[in-house]
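Shared between the two complexes below is chain A, which pairs with chain B and chain C, respectively.
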Partner chain A sequence: MNAAQTARTGFDVAAMRREFPILSREVYGKKLVYLDNAASAQKPRAVIDAMRQFLETDYANVHRGVHFLSSRATDHYEAAREAARRFLNAPAADNIILTHGGTEAFNLVASSFVSPMIAPGDEIVISEMEHHANIVPWHFLRERQGAVIRWARIGDDGVLDLDHLQSLIGPRTKLVAITHMSNVLGTITPARVIADMAHARGVPVLFDGCQAAVHARVDVQAIDADFYIFCGHKIYGPTGIGVLYAKPHFLSAMRPYQGGGEMIREVGFDAVSYGDAPHRFEAGTPPIMEAVGLAAAIRFLEGIDHAAVHAHEQALLAHATRQLRAANGVRIFGEAPGKGAIIAFDVKGVHPHDLATVIDREGVAIRAGHHCAHPLMKRLGVTATGRASFALYNTMEEVDVFVAALQRAREFFQ
Partner chain B sequence: MNAAGLDDLYREAILDHGRNPRCMGKLDDATHTGCDANRLCGDAVTIRLRIADGCIEEARFEGEGCAISQASASMLTEALGGKRVEDAERLAAMMRVALEGREPPAANTLAGLLAGVRAFPERVACALLSVHALERALGAAP
Partner chain C sequence: MRLHCETMDNEKSIAEKQEALAEDFLVFDDWMDRYQLLLDKAKAMAPLPEAERRDDMKVPGCQSQVWVEVKLVDGRMQIRAASDALITAGLIALLVEVYSGHTPGEIVAAPFTLAERIGLGSHLSPSRANGFANMVKRIRAEAARLVNR
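Moving on to the complex of A and B:
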């Protein structure tokens, strides 16, 4: 990163890159240019060290033992819950359920909260740009209980059609579940407006924050979310852990999700009673070392200058968008104002998979495919796209390497 | 384009078949049809055959997807015309072994032309898509 960029955004990307050991490696003898951050972000030393140190000094199972290490591990685990509370500005740590990933959080809400409410013909409102994790659990309810999925439209620019969304919320709507930021188009949705819209009809609202959590500051109270979901590995933390925030009165009314240890009060021969939230929803040994990593990732994000990082990511997005627009035969999907640092695109005459294979050999990692968003691909009229997604450690030079590699690939196939 | 293995993956013949697929289109009087799709990337290939007296009189494919999957379908259907059913089955089995197996196929065979995918494990499925579609058309799908 050059000095001019640092001066412009007040963000020292070279120093930031040094925090991420993997960024110094080469692939195929080329410098790694990692632009698949929306799939999973790389890990800073702080996260790696926190997990290793925990495993080397304090690891044991949680909430069970009376011994020293169990107590230490429990403190770490509950500190992660508190970190997630802080991260979302949730009112209390008891509003935070730690899951094994974002996907599990959606399934938990579907199974424990929505499913018991569903009679045939009841509706769940989502949008055309949802990730499969926010689609397939509702398909389960459609198949098993006769629920109806209503799809809020998006415009050709990738902006959510709020009028259409509003028109879909009716007396049979049981939940509105919308992405806070599209993993393909980068569109950021007006969460508070959507929540007010749903609440005006007495309908709870869930936001998929898996992409938004790393790019924007999330305040679940300010947006009045009833449910909010994000995962560890997209915010520079480990895989295998997700976070579900839910308002307390929903949590206390929700039936348990999985059954097992940890979530019970008492188990008899003919009866069982369950613990209180959040433990009621955390059956079995939880992701303990992952929780430690999650807490470290949150502390890492709390330690950065958000405004500067946001400016940096937006500068990367603008630079890449400008260059791709100028390139021959490149089409960009998603031009919503204020969108996050993701660009989905295709190149005329080059299938995204061929493109990704070719530029991979130049060290550039992008995603090619349907991005777990089949309905959106149908809406866009494509079967697959390329996707470059940016993180706080990416540089302008990397954007240039990516675009040059893309140009060479296009020439190769034409 | 000279980075490791790319020239081998995207040989001229493959690029040519990818750009100008042979035997592409409908076959209204097809007697056998098979299709396969790659759930990961959305690539799809349908192979239609008109078989009489144990002989493939005509073979055509429809599909969309990457250069590898489409070139493979084009080359395969081109090779099928006039073949006996048992020879087509043998060809499919050979291609499977050649692209998935340990021993590289002979250079001058159909599998040999596609053998570049062996260095790109995530692309083997692209090359085998049409093979699987053919196996399904012949009723011999595993």
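Moving on to the complex of A and C:
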């Protein structure tokens, strides 16, 4: 089955699938077709094994002990920071803060960097296609400090309106925070162009890389990002860990986020001083085994042929798009040129929740809902959509199974 | 006719109703047949017209929207509800059929077990996905409030 695919894209998807134990399981007696990768990707053996081996041989708390295991665990943890540095091509490992997830990273930037700058009427510029993680922290600043959120428009095709974005960046803008790839529309934004636009006005820029990190190659220096965020579980790593990259001069100026152990220099009865970045932002025991898993996921991604994987994912996207376009009553949201392997769609007369429920019984896992993007749903004029999102282990046959299941569901409900 | 049916139904206890409905569903082995029966239940349910759906009736949920109205009439709870998703509407129809017309005390004493019995328990999982679980909670909370009043 995969011979033709391999020939076309130079990528052996059958061999790749064998790296992911969960893909061989069945659901309801049917072969699992997992197309909810934008919500969370499955884990390769390399990640599972690395975490298990760490727990079985090298586990202890980090940064504290002088004993053998503590120093081994610290080495592992700091190796994860270094892996994240490599992955983003950040200048130094000290530019990398390991968080408990993508969401925490946004909240950290909001609380430690943006909040102290905000006077009533100051502005944060985002776009209509942001995930709630890149919206709600700014709403906090709106509610508590009178910040104003400005929304850059997107076109009907899902392309970010750069002229409109530029027009929103003004003397009161404190931050431009834009997705690098939409979790609904698949749109990949021109990060360097956006960064230059913001920098021309002296405004720092943050990119939400939670989707882009797995579908695109990220180089924070090339795009001149001031802040860049991604999370472990969407790049085939574990949940419970995220990465925040920040330029060093921002990091050293930022106030601490949470208080606790690990992040201090000295604690007295009536005084406290804080450690340097990145440790200042990593209070308490960090996600240690998750960091080991993250490092393994990054090594896994470094070990694959990125161009071949990209071609494979794009072939899946093109195949699915073609078939959905040919199907009756299916509307696709997001047709930006060069978009990543995510399709949001609507089937006329069928609620996405009903669709997802029924095709689940055929083993097909898709997402239905607002995808944590209420403003985008309003912009699109819907309350929910279906979403199929592809990973490097998906096959053309799975796309066919999905579309056939969708067709049967459509007939069932009509 | 409707009134007659409801009167007949209300001679049955909540447990008996759930048992009878479970049997209706478990006749079918094929999931599509069970979903078809749910859809039929949704269509047969007394409507809560769109014009009457107020925001305060809305039950939070991620994938499907649910509206519910609970009234106490002659000591018995009258429930009207709707959803924009058909399967959710079908589940709601079951809930209405099971609980509507019973006293708050009867409702508090009888948990809604039908969804699990017919293999649709996943719709009650505390996920963000479904307004249905929140609707069950809301109705039972309202019944408890009325009992304690």
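We adopt the following convention: the second predicted complex is superposed on the first by the 413 of 414 C-alpha atoms of A that agree within 3 Å, B and C clash if a C-alpha of one lies under 4 Å from a C-alpha of the other, contacts with A are read in each partner's own complex, and residues count from 1 in each chain.
Criterion: contacts are C-beta pairs under 8 Å (C-beta built on N, C-alpha and C of every residue); 3 or more make two chains touch, one makes a residue touch a chain.
Not measured: the values here are computed from a predicted model.
Superposition of the two structures on chain A shows chain C clashing with chain B. Look at A:F413: by the touch rule set out above, it reaches both chain B and chain C. When the two complexes are overlaid on their common chain A, residue A:V358 makes contact with chain B and with chain C alike.
Applying the stated contact rule after C-alpha superposition, one finds that A:M377 touches chain B and leaves chain C untouched.
By the document's definition of touching, neither partner reaches A:L35: not chain B, not chain C. Residue contacts after overlaying the shared chain place A:A368 against chain B and chain C alike. With both structures placed on the common chain, the touch criterion links A:A296 to neither chain B nor chain C. In the three-chain superposition model, chain A touches both chain B and chain C at residues 28, 351-354, 357-358, 361, 368-370, 383-384, 412-413. Of all the residues in chain B, the ones that touch chain A in their complex are 1, 3-6, 9-10, 15, 18-19, 40-44, 64-68, 120, 123, 126.
Contact residues of chain A toward chain B in the complex are 28, 351-354, 357-358, 361-362, 368-370, 377, 383-384, 408-409, 412-413.
Those residues of chain A lying in contact with chain C across their complex are 28, 351-354, 356-358, 361, 368-370, 383-384, 412-413.
Contacts from chain C toward chain A in the complex involve residues 31-32, 35-36, 39, 62-65, 84-88, 128-130.
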